[in-house]
Amino acid sequence: MSEFVAPRAHAEFQYASAEHQRDSALAGMWLFLATEILFFGALFYLWVLLRRWHPLGFHLATADTDLLIGSVNTVIISTAGMVFFWGVQQAKRGQNRPVLLAALASGGLGLVFIGLKLFEWSEDVGKGKWPGQVFQAHGDDIGGQHLFWLLYYAGTALHVVHMTIGVLLVAWIAWRARKGEFKPNFYYPVVAVGLYWSFVDVVWINLYPFIYLLGR
Amino acid sequence: MSLTLPAASAHATEVDYLFAALFAVSAAVLGLVFFLMIEFSIRFRRNSGVDRGQPLRRSWRFETAWTAATLVGFLGLGIWGADLYVRELKAKPGALTIDVVAKQWMWKVEHPEGQREINELHIPVNRPVQLRMTSEDVIHDFGLPAFRLKHDVLPGRYETLSFTPDRIGTYQLYCNQFCGIDHANMIGTVTVLSQPDYERWLAANGAAETLAAQGSRLFVSYGCSGCHRAGGHGGEGNVRAPPLDGVYGSPVPLSDGTTIIADDQYLQDSILMPKKQIVASYDPVMPSFAGVIGEEDIVKLVEFIKSLGGKS
Amino acid sequence: MSAVLERGTSVQSHPSYLTDGTTLRSWLLTTDHKRIALLYAASITLFFFVGGAAAALMRWNLISPTGAIVEHDTYNRLFTIHGVVMVWFFLVPAAPTVLGNFVLPLMIGARDLAFPKLNLASWYMFMSGGVLVSWALFRGGLETGWTFYTPLSTDYARGYVSLAAFGIILSGYSSIATGLNFIVTIHKLRAPGMTWFRMPVFCWSLYSTSVLNVLATPVLTMAMLLLAAERILHVGVFDPNLGGDPLLFQHLFWFYSHPAVYIMVLPGFGIVTEIITAFSRKRVFGYQFVIWASISIAVIGFFVWVHHMFVAGVSVYSGVVFSLLSYIIAVPSAIKVFNWLGTMHNGFIRFDAPMIYAVGFVGLFTIGGVTGLWIASLATDVALHDTYFVVAHFHFIMVGGMVTAFLGGIHFWWPKITGRLYSETWGRLAAALIFFGFILTFFPQFILGFFGMPRRYGTYPAQFQVLNVLSSAGATILAVAYLMPLFYLGWSLFRGERAGPNPWDASGLEWRTASPPPKENFHESPVVTWEAYDYPPPEKQQYSLSELREKTDRRHV
């Protein structure tokens, strides 16, 4: 493997060196993710509280969720995460073509996830699960069931928005890989996007049991 | 026209003492800060030539001492205010309970004996009053400067405001929570009368029936008696519904396994949002009367159900 | 050639960030923090006068007890747009995005912020939010108050509530981006030798503000999203008829909006510290105390939000706890005030316009602060809540405090930003007029509120008229006074005397480069070997009168 003289390994003018820039960019991404953890954390905290206050309603509502689609989506998103992680390793070695393939595959899986989610939402609405005056449910503790579905839509909608941004970022990495931009001494954008993508993955891994498993 | 702020209750007078203390503390702090600011600005202006060789001796003990003293002083004011607040909010025995329903943009007052007022409240002097307030639409606020009190009035909930007037007179009532176009017009008066004048007023404005009696007629006309048994009648239809005799103040087991005490809020919720809490062993078939029964009629129905016995 | 200019170097007109590219494109697609600061300056100035116009109309209406010029519905829309624009499109962004953006990298010896493209993106996010809110305004506005309480805002208001809510959400993303940028910049881009405890206090204030921005603003986003969802989709989060809770909105709203008031005022504390040290020629008294006070204010600020809700229907116990916490937060603010006074002690004080603003800040902020004690105490708050007393309290802090500090900062750094000196005579005159107008406008409002006049009333009982007329007269003077800087500052851009690198002979790295600075800020990265505010100690400043005059007269640079 020959050493490339990287045209893009120089630093932006406010940085003292390429390492300085890489450190700062990753610090920025970690800081951003910390705030996102607070954001989703508040939602999960609320979920735990409301589950405690409406145990019956949440138990009944979970039975109406589509376990198949939820589980398939979990497999899809985990695979997408692993594929991209492999891509980061390839970027470290300066192999742009594998990075491109990994990004395309990972982004493609992301799009499948989003598509399945949209389909699942239409199903849910068809079953009368849209919160508000049109909400329908059977059994007791309708109020608790209503709250479950409210949290369901809030959590999955926020997640899908983050997922969409993730797909766009992954597509950007694919674009740059296609142009051959990543070198062994310059690949931190792949790492940064990988961090974000993993975070979106982790949020889903936490949402999945809350929505589909607990109390089923 | 001059500004006045009468103190129409003992609580108001006590709050005024706290105001005086706050004013004194504020004046002292401002006096000190402004004095130093002006003195330093003059003494240490650039060409004043005074000797600046004496640095302010920074001692941690001094800094900590004045910081701690300030904190203790401030907290003292806070505790004073909290104490006054908590004492005034305590329910007082023998309080006259009067219902207030706020609606854009007027105050509707209902006395227990059935007298009704709009934008006015007549009460007797030296007797504790407890206002039980709710809103038909948005959040309002029942504000009484002369009593140094106010409280927000919420839809779907009962809030209470307690006070004991000790001065005869007429006092200003404001809406103190922005509630729409005519918020600034949602004002009225509270008139405190001597006991004999109050009795005369009650008699002159009397309605034929108490709230509870009006409620018992509404119980039939709204169809409640079609399913529920109350006061020895009703509940003869096909639908099985919880009987209401003695329910007020009693424990009610619910379908989600919990047990609650039936209070005013529970009764109101049962009429407007019956699916929120289902009594154990009953089907959730009661229709909602939201939009059908207004807040004033709900007050009367609740008074009727309370009159059926049970612990209050 | 030395890395920084020696004090006293005179520099005539030279290439700078202003001349580096003169096309519109070079401004609208710039990533230079200094140009982005100017883009923001133009925007927030425009928004300030929009919000100010609304205020003027409100005050003129209140000359008469029956409403002199507008109907109730219009009045309600005026105070709503006044609040929304002044809070989110002036007070929250102004000091960080104009002065922070321009000065922070210079102050720490950096060449730009950590993420210059993110900086530009934040301005576009801000402008998008501004466009949505302006669109709502042009279509007729909204009538909910800037506090958007439900169910009024979700089910009853007929104005453009959702549109405004989305505009506010976008401006929030802009704040989060700026906050993130500043935090990483301060951590990673300080010049060699610029340790944390050698940074000027303004940097610490910006750091605290940025942490608040980044942590609190997402909660506002959530509150506004839920508000829009409720209004458009009727999901029932806040509607009691659907099992929701109107108080939930208030908790979400104030959980952000209380830290927000510290977001608005903390940079002002930093600006005032920079000015007072420069114009007393003395290091700040109690540097460590001042810094930890800023940080404590930011932290404790998250734990007091319920003091906006004492009469809203929260439990008695919540009231007591939050009242006591609110008293605690008064302490670090008091520490700052005494440390500013301590800085002036033994100083060599000059009263140029920035110093007039800074000292005015100390006075007016302290008045606003002590009145906070009145409304933090439960029993008195119940009497004063939703009256003009509260209006006066927060205007003393935000206008008498923050706007004053902002203007002080603009004047202080004007020579650095523009390379020109403004007219000191006009500067002092405008400052004096601002203070006079301000006090006449807002002091009567304390009295009005104490005697019971509620907020948000377009008409009022006749006994309140005299004080209202005084307040409106003050507002008219204030309006004229705020317009004055536009003229003399604008004039200085074309005819002002050119400024040297350090016309105030102040410490701080920003004064050791040219005015205006070159695009890359410093020709060589400075290496810092001195503490902040490295003025000579007073005993070493015993100059004769003429030496003093020569040393500190800014025209002899």
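Read from first to last, the chains carry the letters A, B and C; within each, the first residue is number 1.
The criterion applied here is as follows: a residue touches a chain if its C-beta (ideal position, glycine included) is under 8 Å from a C-beta of that chain, and two chains touch if they have at least 3 such contacts.
These numbers come from a predicted model, not from an experiment.
Here A-B and A-C are compared, and the pair linked by more C-beta contacts is A-C.
The chain with its Cα centroid farthest from the Cα centroid of subunit A is B. Centroids of subunit A and subunit C (each the mean of its C-alpha atoms) stand 36 Å apart. Averaging C-alpha coordinates per chain places the centre of subunit A 47 Å away from that of subunit B.
Each of the following residues of subunit B touches two or more other chains: 276. Shared interface positions of subunit C, i.e. residues touching 2 or more other chains, are given as 243. Counting partner chains per residue, subunit A shows two or more touched chains at residues 143. Subunit B makes touch with subunit C in their complex at residues 1-5, 14-15, 18-19, 22, 25-26, 29-30, 33-34, 36-37, 40-41, 44-47, 49, 52-56, 58, 63, 66-67, 70-71, 74-75, 77-86, 88-89, 104, 137-139, 141, 143, 145, 148-152, 154-157, 159, 172, 174-185, 187, 272-273, 276, 290. Within the complex formed with subunit A, the residues of subunit C that make contact are 105, 110-116, 176, 180-181, 183-184, 187-189, 214-215, 218-219, 222, 233-237, 242-243, 520, 525. Those residues of subunit B lying in contact with subunit A across their complex are 255-257, 275-278, 284. Interface of subunit A with subunit C (complex): residues 12-16, 20, 23-25, 27-28, 31-32, 35, 38-39, 42, 131-133, 143, 146, 150. Interface of subunit C with subunit B (complex): residues 72-73, 76, 143-145, 147, 149, 151-152, 155-157, 240-241, 243, 246-247, 280-281, 285-286, 289, 311-313, 316, 319-320, 323-324, 326-328, 330-331, 334-335, 337-338, 341-342, 344-351, 359, 362-363, 366-367, 370-371, 373-374, 376-383, 385-387, 447, 450-452, 454-465, 467, 537-539, 541-542, 545, 548-549, 552.
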